[in-house]
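Common to both upcoming complexes is subunit A, partnered first by subunit B, then by subunit C.
This part shows the complex of A and B:
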């Protein structure tokens, strides 16, 4: 379908444009907002591919919460130099080389799995996802929850005033 | 004898001066006033008329189906039909949001006025100032659009757009009656919450881009508050999702049809303890999400001038208010669908009135509760707001989910 392709590639363009803006804009707040745009583009890619639950979760968590918190921290703890900061230093050529090598490697990896596509039209994924998470993969699910809980408690512990 | 003549009737109202008084005594027996009785009769007549028109018109979703069939019979190519139908639905949703802005602002003014023993708008348009908000909109359109010199121009102009666009998108799966929604999404509830949470980026942008310390503080407060209250708002409806077994708003709507014992509707608010608790939690979190008093610290007038929209004027400013009232309407419809049975009639035998009238009526009832809240409660302080959310609301939401699971386990339905 041509409409599916238009949706996918336009959303991919939004995600990539946002990502490029994050690392090129001089104003840190603009960069944070561009990060939100990029994450919204990723959510759009999920939607274009028919992954409805992932789309809503990405939008809810990454755009609605994480991007907002990054902007929040920038505003609360920002310095005047954040507004005119150069994003690159003298090592930009080496960084570009590493990015190019990684990009080529990722491209070859993606080509390896490029032929895998959904055979039928997309259908709602919430129920199968829930059954898998609390059925076959319940141990992994609970372990991930435990790791997140530990990270949460650690953050509270270290940010507390009386921390050692 | 000198001095003023004694009044013929002893007046018990509040004396303003020797000759003027505020007639509070009429509220002791308002039904004795002919105009009061006439007004009540008008109101009852209007409501009955709406019901009669609704009963004659039938379900709006059936009319939508007929319109789509008519569009398909014109011989246009399939994609053209799909696009025209999509644009038609989009126009309907945007029309609802804009009309709601006009209606809700007027209603809020009247309610706030009556709660403070005033009249509110009385002149524009004739009858109770019904045209006041229309003239206000014209004024706002003609107003000078000021951008402060210290502002980030692009961000300042973009902020209201980023605030209102997710509001319009969040309305896609909202049911205006049984099977009457712009899009039928399996993840409806999650979709609405996801888009409703994105608007805060526009608010934060507005606060930062204005180049004003009050705006910045307002934006910061909005970010902290909305991100915090999203959690209890999402978790408070989990019991409803467990009972209905789906995230689809249409399924949740249908799950509440029918009656217990032949008269008590099977609405989720009537589920013992769990239903009332989750209704209350969702209502409180929704008020906080819409930045309205008692949770309006992002725009606290006595502390922050007007908070994040201090430096906005004209249509940019009114877009923020359109967003706020859009979210009030969204929360009202969500409350109606989740807890008040959606398009189901409250008593058996009233099914001849179509579902869209029940749905809209319940949503308007909930909107009245929102306005009532705003003009009744004092504003919370920032630390009280956060304490209330993290130490009271969220733990009890989790307890409520556990209770719902226990009920489902004991009933053995799932």
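This part shows the complex of A and C:
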């Protein structure tokens, strides 16, 4: 029990700290590095939930690919003078209001589920996930590969030098 | 730990993501905030799977699909950002008025 609590609170602290740094830091490259930290914290939350395959996929795809891709693109964009410009718009009060209203609703919902305690010990999930992907979800699995192919072609098309 | 703790964490990450998406001026900053919101949804899916349906893996499968679609989304989004930057030499969203006519 106490191990569960330590895992949850440490990983939640990492994820939330990284997320706050993502939205507040002025330098976009620092934001991207904080995003990597936050995504690694979320991976730790998945591990605490017993989702072992999701933990590995999160580290491989999000931390290893998406965060690094964002850092690469940030190195191609922008100028040095961006560091002295304001990085947030003037709508922060309205945004804070929206967040407060949404937050009250979300935390009331979370409180409804507060009594549901720990379930049975978790088992390895890779084999059941593979059976599900190639069984019930095989159509979604094939469709998502088509989506990835379309994204690949779209990225090549849009980033080509003679693109419209 | 109860399900409520994980849902509260997911909600907090989602709120931080919404705040970033509404206030950042840099288009890549907005994309990063959207990634935070995807992660909040994935935490909720994995938590519901773990606490309410301990033997099953359907929630994790859905989270995997979300990770895949998020990867596709960020790849196309960053390619579009590069194309816009080549045309208008800015990364700030209030300067993106190519379609205004």
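In this text, the second predicted complex is superposed on the first by the 145 of 164 C-alpha atoms of A that agree within 3 Å, B and C clash if a C-alpha of one lies under 4 Å from a C-alpha of the other, contacts with A are read in each partner's own complex, and residues count from 1 in each chain.
What we mean here is this: contacts are C-beta pairs under 8 Å (C-beta built on N, C-alpha and C of every residue); 3 or more make two chains touch, one makes a residue touch a chain.
Since the structure is predicted, the reported quantities are computational estimates derived from the model, not experimental observations.
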item	value
Partners on subunit A (subunit B, subunit C) - clash or fit	fit
First (subunit B), second (subunit C), both or neither touched by A:96	second
Which of subunit B and subunit C A:148 touches, first, second, both or neither	second
Which partner reaches more residues of subunit A (counting touched residues only), subunit B or subunit C	C
Touching partner for A:110 - first (subunit B), second (subunit C), both, neither	second
Contacts of A:36 with subunit B and subunit C, given as first, second, both or neither	first
First, second, both or neither for A:124, with subunit B first and subunit C second	first
Partner chain in contact with A:69 - subunit B first, subunit C second, else both or neither	both
Partner chain(s) touched by A:22 [first = subunit B, second = subunit C, both, neither]	second
Partner chain in contact with A:56 - subunit B first, subunit C second, else both or neither	first
Shortest span in Å between Cα atoms of subunit B and of subunit C, once chain A is used as the common reference	14
Common ground on subunit A, meaning residues reached by subunit C in one complex and by subunit B in the other	53, 57, 65, 69, 76
In the complex, subunit C residues that touch subunit A	1-9, 11-20, 22-26, 28-29, 31-33, 35-36, 39, 42-43, 46-47, 49-52, 54, 56-58, 60-61, 63-65, 67-76, 78-83, 85-86, 91, 94
Of subunit A, residues touching subunit B in the complex	3, 29-30, 33, 36, 40, 52-53, 55-57, 59-60, 63-65, 67-69, 71-72, 75-76, 124, 126
Subunit B to subunit A touching residues, read off their complex	79, 155, 185-187, 190-191, 193-195, 197-198, 200-201, 204-205, 207-208, 216, 219-220, 223-224, 226-227, 230, 247
Of subunit A, residues touching subunit C in the complex	4-5, 8, 12, 15-16, 19-20, 22-23, 28, 31-32, 35, 38-39, 42, 45-46, 48-51, 53-54, 57-58, 61-62, 65-66, 69-70, 73-74, 76-78, 82, 86-89, 91-92, 94-96, 98-99, 102-103, 106-107, 109-120, 122, 125, 128-129, 132-133, 137, 140, 144, 147-148, 150-152, 154-159, 163
